[in-house]
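Listed after this line are the structures, all set down as structure tokens.
Each of the next two complexes has subunit A plus one more chain, namely subunit B in the first and subunit C in the second.
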Partner chain A sequence: MSSQAEATLGLNPRVYQSGLGARLWSFFHNRYVLYGLSVIGFLAIWHWAALHSSIAKFLPTPAEVWTEMVRLSGDRLAGKTLWGHLWASLRRVLIGFAIGLAVGVPLGLFMALNKYVNAVVKPVFDLIKPMPPISWISLSILWFGIGEESKVFIIVVGAFVPALINSYNGIRLVDPALYDAIRMLGGNRRQELLQVTFPAGFPALFAGFQIALSVAWGCVLAAELVGARSGMGYIIILGMKVFNPAMIIGGMVVIALVAGMLSLLLNKVEKVICPWKRELPQ
Partner chain B sequence: MDPEARQRESRLLKILPYLSLVAFFVFWQLLVDTGIVPRVLLATPSEVGKLFIAKLTQAQPDGAVLWIHTVVSLGEAIVGYLLALIIGIPLGLLMGWFVVAEGLARPLFEMIRPIPPVAWIPLAIFWFGIGMSGKVFIIWACAVVPCVINAYTGVRMTNPTLIQMARTYGASDWQIFTRICIPSALPMVFGGLQIALALAWTTLVAAELIASDTGLGFLINMGRRLLRPDMIVLGMLMVGLTGFGIGILIDWIEKKLTAGLERGGSAS
Partner chain C sequence: MKPDQPKIVCQDVSKTFTQRFGKVTIPVLESIDLAVEENEFLVIVGPGQCGKTTLLRIMAGLETPSTGRVSLDGAPVTGPGPDRGLVFQKYMLFPWRTVVGNVEMGPKLRGVPKAERREIAGHYIKLVGLEGFEKAYPHQLSGGMKQRVGIARAYANNPKVMLLDEPFGQLDAQTRYLMEQETVRIWEAEKRTVIFVTNNIDEAIYLGDRIITMEGKLPGRLKSTYQVTLPRPREHMDVEFLELRHQITEETELLL
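Take a look at the complex of A and B:
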């Protein structure tokens, strides 16, 4: 718990005591000590499980995974190194994500602002919404083949849904008191839109982008697992075919790192674009 | 605006959604019937309807009738989902309130969170085989994440005034946790359940596409192999409808459980 939370939630009295016991207590209640313990413990358990547990045959040790990742980043698989495959996936994600947002956000905005657009689009959207984007894979392969387009199409479908839902709800659920305020101050319709609706809706929009991004990663992997000659999904499925679990886990680690970094980047962009967003107490 | 025009407007708004749906289906049917989209690439709604009725009783060509596919998929999804709830929600709640729980669980969780659930599929097949337990593991791995995040956030969003008040009256840490933090986290927890459900259902379809012998994902995959677009669309519709149904069920349970906990006008 951070200092802010402790200040609001009330400090534990043991913090003020002295002596060895109290010092040990506060050492093991330090956030970063616990984080370190947790990571070391995790790696140790993993290492132990890889050597002794019942699934040991399919579980490489952390060190083996690292060696495998180093090997992959030099070797070529299907004409590409690990970085080439990573770029192939990343490109699909970025293209699909961009198209998904370009379609979903304006549509969501129009639905929220105009009840006629809403009445026409909402029922069709509600029909499509509950279908998992991954279930489009078969249809998409039938339509576009197993090339680039079919993968991008699935990502577009996946990213478009959360982008639309969040822009629609974000705009619709803007606090009506804000509208009252700007109307009382004599704002016209344009000022209402630019100075109240959009700024107040932005945080919800960005939350939708985050969801869309993680859905996009899931979609690109699923598409590549089903049929592809490049991409991180290809590496993972190849690892499964040649019976090399270290390759699978190595691929998962790379994806986790890149996806995590992209999502952090999006967070930073959000902080720059809408600094007025309220944060959770950390 | 005079009342008559207003009435006309509201009548129009009531009819438009139905018109739009009808137009959507007619357009879809015409698109295929007129040959703009070849018949091998897309089935018409009427073909899908016919196949739906046929598949209710007939096991060919994919080896099981429709409701068996649905029940198999549902069974896997529900077991994985329940396991995720049982582990994820208490973990998230504890992480929100206890420093040690947060310190130990947070880094692991942050490491695992960005991995798309689909990426677990090959490992799950290695570890558990292509049967039920492999899929349950995958669904567990994807559904547990939103459960933990939302339970954690829910506890963190507890109104500090309530906690201070409880402390003033001499409540212990544990009492505050169980009497104040958990009830006030419930709406967030249920939000997490909805997200987890959507994710679990999506991931299940992906898992079945890659390895299975029954289930709705398998039905979709067979449709692709046999070049039967009507089968693909039927599978997709069944997946959508079932997910929609479970979503409504969770909404209903949430309303029952959180009656009287309504936060003033909050949307979550």
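Take a look at the complex of A and C:
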């Protein structure tokens, strides 16, 4: 290849063949260096905005948020430290998420496998599906009071919808030729279910779990904002009432970290259970 | 069963598909009569949309004929079953199973104990030349390798008849050549009655003991039969090969 062609294709950046230039070039093309720069850049802009922008009065610097988070993890608000409140929210999410899946997945499965079940359930489900789960909050409080049950109920409503949709579609959309393949190999109805229907539906099921999980966090926050003496939503609403934006942002950061880790964990579980699924480009 | 009885027989098989609440009917196959001898390699060749895949699916038992019947060793075919091995154009491997998991699926469904079915799978994986890839998942394999798994999976059930539905249609020309050679090698190692459907005349002559052409428009009918007596392995550039190819190409009417 001619050197001109190489230069055009960017294969041989002559300027940086050796020395300091080359080292800087490869340093700034390292993925992890860029990750670091991205985070530092974001914090720097935030810091600047907290000092000089028009919302500076109610925007603490990153360092102030960190100090506040450290303070909250020792001090008690309504009898609980930050970790106690985090656990209160996490517990609601996990319980609601589990019940939502336990209701949604089998229902979706039966709807996909049996057209009569589908015909009975689908009209009602289609009516409930577009309702934002948060719109159930008022009813939920009237029915179950302001205790745990009403909050878990909202999460269940929110989580079961995506769980059902994905198990229904995941199983309905299995390539029918895979059933031909198992039948030609001698599979009976039960073996079709075990060897094709379930494994083929797994990846879609997990995609539904991810959506359900993120909906669950949205629901728990909303429920706690409306009426609670514990949970991350309580911290956030308290931060507003006492004009402490650092408390609000601290709460938001903790939620983001925990929700992100939970989603990552779910991803890992999926990789163990469905190792065949091709990894999608991130 | 009489010793000289054909292995698989189609008698007056027709198929009409009905669409949209019975308003539209499409005749796909009309009065197909066909008898395939034991261990014969029959190739059915025809252009796209001539009903050849439907004919194969009827023999597989995945479609029921509108008229007529199919019998295997004298017994009527009423549905899909492990006495016929089907190789799909789009491979249709189970993506959640490794190579060995796919190949041993037939014996597994029959309840063959694990050690024994691993041995069967190992034998056929070796036969199709995939040793060392036992633990790979289908998405990690190339198209040619996937179809090797498809062939091994069908063979592992020890079927009486192998049905191959344009098995190399998704492959590039070079891989296709290679897989044709491999098909002959595998078939000579483990003789079976084979019905091979293709749209490729070259492939048909390379593989078949007998070639049946189909008409290029619906409803599909069988047109002519050619006996191929060239010794294997065949040479694509042999004069006789080319003559036969010329002859079949001449009479094949394509719907252009």
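Just so we're on the same page, the second predicted complex is superposed on the first by the 253 of 282 C-alpha atoms of A that agree within 3 Å, B and C clash if a C-alpha of one lies under 4 Å from a C-alpha of the other, contacts with A are read in each partner's own complex, and residues count from 1 in each chain.
Just so it is clear, a residue touches a chain if its C-beta (ideal position, glycine included) is under 8 Å from a C-beta of that chain, and two chains touch if they have at least 3 such contacts.
As the structure is a computational prediction, the values presented were derived from the model and not from experiment.
More residues of subunit A lie in contact with B than with the other chain of the pair subunit B and subunit C. By the touch criterion defined above, A:Trp48 lies against neither subunit B nor subunit C after alignment on the C-alpha atoms of chain A. By the touch criterion stated above, A:Asp180 is placed in contact with subunit C alone, subunit B being left untouched.
Of the residues of subunit A, not a single one touches subunit B in one of the two structures and subunit C in the other. Residues of subunit A that touch subunit C in their complex: 175, 177-178, 180-188, 191, 195-196, 199-200, 202, 274-278. Of all residues in subunit C, those touching subunit A in their complex are 60, 62, 79-82, 84-86, 88, 90, 92-97, 105-106, 109-110, 137-139, 153-154, 157. Against subunit A, the residues of subunit B that register as touching in their complex are 13, 16-21, 24, 40-42, 99-100, 102-108, 110-123, 125-127, 153, 156-157, 160, 163-164, 167, 198, 201-203, 205-206, 209-210, 217, 220-221, 223-224, 227, 229, 232-233, 235-237, 239-241, 243-244, 247, 267. Interface residues of subunit A facing subunit B in the complex, by the touch rule stated above, are 1, 5, 8-10, 28-31, 33-35, 37-39, 41-42, 55, 58-59, 115-116, 119-124, 127-139, 141-143, 169, 173, 214, 217-218, 221-222, 225-226, 233, 236-237, 239-240, 245, 248-249, 251-252, 255-257, 259-260, 263, 280-281.
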